[in-house]
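Two complexes come next, and they have one chain in common, subunit A, joined by subunit B in the first and subunit C in the second.
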Partner chain A sequence: MKAAQFEHHEPTTVDEAVSLLESLDEPTILAGGQSLVPMLRFRLARPDTVVDINGIDSLDYLHEDNGYLKMGALARHADVEDSEVVADHYGSLADAAPLIADPQIRNRGTVVGSMAQADPKGDWGSVLLAHDGEVVARGPAGERTIPADQLFLLPYDTSLGEDELITEARVPAPVDGEGSAYHKLKRKTGDYAMAGVAARVVLDDDRRIEEAGIGMTAVDITNARAPEAEDHLVGERPSADLFEEAGELAAEASNPESDEHGDAAYKERMVDVLTQRALGDAVERAGVVKRRVTQ
Partner chain B sequence: MSSESDNTAEPREYQHDDDGGPQPEKHCGHGRGGMGEEVTRKEDKRFITGRGNYVDDIKKPRMLHCEIVRSPHAHARIEDIDGSRAMALDDVVAVLTADDLLEHDLATMPTLMDDTQDVLVNDKVKFQSQEVAAVIATDRYAAKDGAEKVKVEYDVLDPVIGAEEALEDDAPVIREELDGQDDNHIFDWETGDPEATEEVFDAAAVTVEEQMEYQRLHPAPIETCGCVADWDPGDDKMTVHMTSQAPHAHRTLFSQVSGIPEHKVRIVSPDVGGGFGNKVPIYPGYVVAAAASYVLERPVKWVEERSENIQTTGFARDYDMTGELAATEDGEIKGVKVDVLADHGAYNAAAQPSKFPAGFFNIFTGSYDIEAAYGSLTGAYTNTAPGGVAYRCSFRVTEAVYLIERMVKVLADELDVDPAEIRRQNFIPSDAFPYESATGWNYDSGDYEKALDKALEMADYEHYREEQQRRIENDADKLIGIGISSFTEVVGAGPGKQCDIAGIEMFDSADLRVNPTGNAVLRVGVQTQGQGHETTFAQIVAEELGMDVDDIVVEHGDTDTEPYGLGTYGSRSTPVAGAAAAVAARKVRDKAKSIAANELEAAEEDIEWDRESGEFHVVGAPDRSITITEIAAGAYMNHPGDEEPGLEATNYYDPPEMTYPFGSYIVVVEVDRETGEVDFEKFVAVDDCGNRINPMIIEGQIHGGLAQGIGTAMMEHVTYDDNGNVTGGDFMNYLLPTANEIPNFETGHTVTPSPHHPIGAKGVGESPTVGSPPAIVNAVVDAMSHADVSHVEMPMTPDAVWEVLDEAGLALEPSANVTFEFDDTTEEPADD
Partner chain C sequence: MTETREITLTVNGTEHTIEVEPRRLLVHAIREDLDLTGTHIGCDTGNCGACTVLKDGEPVKSCLSFAVQADGSEIMTVEGMEDLPEASGELHPLQEGFREEHGLQCGYCTPGMIMSGKALLDESPDPDEDEIREAISGNLCRCTGYQNIVKSIEYAAEELKEPAAADGGTVTAEQRFADDDFDCGVEDCCGGPSTSATHIEGADPQFDDAGGDTDE
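Now for the complex of A and B:
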């Protein structure tokens, strides 16, 4: 790698990082480097200063706390992949983590960094949306939370201020009757998603869908929800017909472009397929017996 | 050069397991690492412990770094190059352009096909990322900074992308600097007998035709190309450490291009991280680095970035082929025809023996006894990177095998017969060897039916055929497809009279020296990029001389010390240099015999070699014996008066014929009718490479080549947009398979020795890359052939397969395919 010259800062506390962000001219934050390092390598990113947060030990955590699964800014994809609490209770996260990039990159890349990068082909944004999650941001004015719905503005653009640092991403801990899943279609390990869908359902005592969340990857200018599909599911009992309708609604809500990952019509259709598959797994994880139609 | 008798050393039947089961651990009897033993690779220790020494590991005092300024346009005239802003940077030492190279007569270089390529663009850019200028600086970051500062003014021209477009009447002419070149046509080539083939086709009850594209691939070795050039003005000597598969040939070319006498040029090919044909040509970067070193009198390093490697160095394939078969109603193949449009890029820089503009493509009759064959091919220039190298392949044999193996499947489907049976029916019979094909190839040996039978059994063929039918009947959402490829390879070029590189005959060499203490150094003219030569060739010597494999060290890659050779590609190392090693060892053994007689105090005619024990002994007195190790001491300390002292021999081996490895691969896939995804259910590879030297290395070669075959069939493609921008020019877009995409391979083998090779070996490295793509494509086609699908183009990405499913009416409407069961009376909802 032959990056252009830059100044490298290594804060050890969040306060120090925030004050660097405030004082430096257009600083770039380095967490896992999953996207930044390739951009430096191609000199597509030419920052004057890089604030490397890897030395801020207080950001290195992944745990359940106060009704949330909390992931600090240094929680790596591999941490999610290896987490027992994730494996036991957060189906969509457990599905998504091992589908990201390759093992080497998962050892370095971070969940929060992926959200801050706001690449519409990133997986975590869809999961955060489906779970009604949020991120915690720290800036000179203090701390604030940004709901997933308000985080992603444009490709590679978030509602984060230039002097703010996302310190944490969190999703609400599941309630009884909740289940979630993530399905992704890609050409190979390490390739971006051709399309991906995260689904989350909460079933009531009557096994009707009380809440539904659907987040979509790589089929719009940001990670995006499928609100019509979500609304259509609420109040209904899971069934193949219902999911087929929801799949169609999600596909309609998607807005993919034709590119090397396939043409737009194909991707829309895959949103339909993946929505149905993710919903099926989510409902099963919510405690309903699912049987595959045998052929 | 060797005497004729050296080259016709009698073939010998080695012990081998004819049933192709696990190889017995020992073959030559002495158990010290001879033929057939799974000797652990000698080179592994340094690689595994991080002690390899690659070009980029080499650092020299006062070394400078070279970065190349590349054109963003595919077709453009250069109006001006201004390097002043780069020169203004502190760490930049020089900016070189074509004008500077012209002063030293280094502005152009010959390609292996005798075309002339700009080292740095003199007038007109002919492909995106072509070399325009070079910046030399004290470190690689500064060199890159400098390259960014070089200002180039371009007059952008319309690019020509695609061979078909290039040959249209109104296409812009790319190579107008060539005398008489007023279009983009390079050459036409023909093979076989057109009249006889037409007759067969006219008379045939059944004919089939299919168009198929073998897409542009890149060998994509993990180590990119690079060099450290070091001109020594004290000795007037140029030393170049470079990523070379053919260091000696490169020395000759370097000398010819630079005018430096050949004995003052030293090429060293250190550890090389994969070549796959990519490191056979000479590239402008090497020449620029050498020129810069000459001018600046300091060592200069040039190492490509990944995208530079994919975008500018030798690509492979890019053949648009239309195949036809003629057959009888009951499936006997009578004739084959093929017409090819070949995209060679901006220069004709393919890497073929010079008399073979289309390489060995005319072996497209494959494993079948076909009466008549005819092929025609047209090569075209386009505004894309030059290439056409033999990517893990003997010179276009990959394209040929793909063509015939795809066409046999097309024919089987047309006739509604089992693709295994139609192969069996048309194979060259095992008793017909040596066999001359309709296009003039002399196949040495083969038993194709045996390999196919073994593969069918290993693959549980009948079971999958039944499962395939069951899925079709149940309208299942995942279809089963079974693909077969029964390929025949042609490897081991020479013979020198037929095959040459830039005029140099394709022999190869070995120089074996046994030391006084009984160990030995074998120097070979070929070069390893991961094939395991340091182990395999030591095993050949161990076998021939009864020595311990650990007592033999193999050296390669340094032109100052190794005998001249043509290098490693086209699976030629074992067939040619391996033969040279065996013959050199036999020469040593001949000399050792007289010393043995002297030591054992017997007449030479009473001394015989015992291959089983690896010793000489006196006829009739097996206990009066002596090993080569003991003889070595005698050769230096007590040599017979009528013999020269010492114990060494050299052999330059010109093979009498090529060798013809073969095999049968069977691939079972599951195709998802909703998404177009393809999963491998079973992957069986039965190979026959003649006598086997190191089964473990062979299996490793097979695994690696199959992985590359999967990359070829499923994901790899160097793509361009209409403006000539490379859109598949880095690893985000040029997709290589990882371990995750690779299924469990089940490998098997049969052994049919080559009758003319001194140790009966044939070469194996490229068989899996050559043989597997058609098996994979045939499998995916087979999953849909009940709906009249006859072809699927590579790479078979999910969206591409889905399109074919959709056109065939097989794509499924998205459906949950599930039912949910509710128990309204009991259980609380469980945690997820």
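Now for the complex of A and C:
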């Protein structure tokens, strides 16, 4: 099926994009297009105007800067997958990137676009939540940051304004004693997650958990945190028992729906297991990351 | 609203300027406007990978991108394979591999498989089985069970590494150095063919004195 007719706009600067978003009637932003193009083709979306941001070269970056790992709106999944700084220091991102779809889609799809799409089955939202990350939005009134906690409202719905563009997603650079991981259960290569869990921990000098972040994929109406599990971990020494308790609390916090892939109880059990595994990897990595934010 | 735009695509080395509506998919532009029907449309949903082409060297699904988004880019389709230097005017080693190793039955997925295979071998000339399976993980085949597709790409990797060796033949040092067209095979090594053994040894310690590949 063909997409309905639309007007195609190709801004080359963020300012130009924002002024288009302000002046056009209900425009849709096209980044990697790996979700949007099929939606347009099946006419699940029928915007009159499409603002294609692929020509805004200034948004094509992925680097550490000022205490953050910053991903511009044109950073593709493959850029994360191939990044050395990610491989060395951001376990959860390094785990998640190669598990997304397939190589062709990772070459086009963007991290920021995936967050803005706000599909509860998307992986990046959970990673952003576990890291207490944020996105930078540009609109006619200027720039603002939206914390991960406040970004996802409903399936495919974010707190982003109609005339705003997410220019960047960023997560704080790891401190000493920090580690993170992402585990995902999917039926086969290329599928969306049936369930996924991102975990991040910071260990103090006494090897107790100082901070914990857990983000869950595909088990609620949005990517969601597991606050009770996080609280339960803080102040404790990592152990298999502790992770089991955290896994149970995360499963309780999740709210999956039964579908053809499994019933809700099964998915809750998987959240439990994936939480334990992700915490295990995160703690292990926390032991090897020796590095300060300022360098 | 039926405005069209003029775009320029360089497909398999030939520049084409065409008029397209913004909603025209890249795969439709390739197949219908340029009449290059080697690129297939399989699932029409972005799953199957039959429409895989290389855009500026990277494999992408041409049904998940609008033609206007490829304006100014270099596209390679399966039709371009036989024009590559390593094809020597005949089948490219990858295509030959699919024939030799029975890498296709109905053939529908083959163009996409070959383009994914090409992208892999460009990046990683000596891939192991896991890498091959990962590289074709975005391409579905409903006939072969993938086993022979993996073998086909392995065949091509061998063939590209050491012409003739994959046929069961052996290449002697004399043959290697007597052949004016010999290419040491190392990317950006020395600017091309050479007849000098020292030149090859100096370029890459991968080769031993007899010109054999020490990696094996």
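In this section, the second predicted complex is superposed on the first by the 286 of 295 C-alpha atoms of A that agree within 3 Å, B and C clash if a C-alpha of one lies under 4 Å from a C-alpha of the other, contacts with A are read in each partner's own complex, and residues count from 1 in each chain.
To be clear about the criterion, a residue touches a chain if its C-beta (ideal position, glycine included) is under 8 Å from a C-beta of that chain, and two chains touch if they have at least 3 such contacts.
All figures in this text were calculated on a predicted structure; none of them were measured in a lab.
Colleague: Compare subunit B and subunit C by how many residues of subunit A each one touches, and report the one with more.
Modeller: Here the partner covering more residues of subunit A is B.
Colleague: A:203 contacts which: subunit B (first), subunit C (second), both, neither?
Modeller: first
Colleague: Which partner chains sit in contact with A:190 here, subunit B, subunit C, both or neither? Use first/second/both/neither.
Modeller: A:190 contacts both subunit B and subunit C.
Colleague: Once the shared chain is lined up, is A:6 touching subunit B (first), subunit C (second), both, or neither of them?
Modeller: In the superposed model, A:6 contacts subunit C only, not subunit B.
Colleague: Could you tell me if A:54 is touching subunit B, subunit C, both of them or neither one (first, second, both, neither)?
Modeller: second
Colleague: Can A:102 be said to touch subunit B (first), subunit C (second), both, or neither?
Modeller: Both subunit B and subunit C are touched by A:102.
Colleague: Quick check for you: in the superposed arrangement, does A:81 touch first (subunit B), second (subunit C), both or neither?
Modeller: Neither partner.
Colleague: Is A:178 in contact with subunit B, with subunit C, with both, or with neither (first, second, both, neither)?
Modeller: Once the two structures are laid over each other on A, A:178 reaches subunit B alone.
Colleague: Which partner does A:33 contact after superposing on A: first (subunit B), second (subunit C), both, neither?
Modeller: Second partner only.
Colleague: Touching subunit B and also subunit C: which subunit A residues?
Modeller: On subunit A, the overlap between the subunit B and subunit C contacts is residues 2-5, 38, 102, 189-190.
Colleague: Using the touch definition from the top, list the residues of subunit A that touch subunit B in their complex.
Modeller: Subunit A reaches subunit B through residues 2-5, 38, 43, 88-89, 91, 102, 174, 176-180, 185, 187-192, 194, 203, 205-207, 237-240, 243-244, 247-248, 260-263, 266, 269-270, 272-273, 276-277, 279-280, 283, 285-293, 295.
Colleague: Considering the complex alone, what residue numbers of subunit B touch subunit A?
Modeller: 67, 140-141, 143-145, 148, 305, 471, 474-477, 674-675, 677, 714-715, 719, 727-728, 732-733, 735-738, 740-741, 797-799, 802-803, 814-822, 824, 827-832
Colleague: Touching subunit C in the complex: which residues of subunit A?
Modeller: 1-8, 10, 33-34, 37-38, 40-41, 50, 52, 54, 78, 101-105, 107-108, 189-190
Colleague: Considering only the defined contacts, which subunit C positions touch subunit A in the complex?
Modeller: 1-3, 5, 21-23, 25, 44-47, 49, 52, 58-61, 63-66, 68-69, 116, 119, 134-135, 137-139
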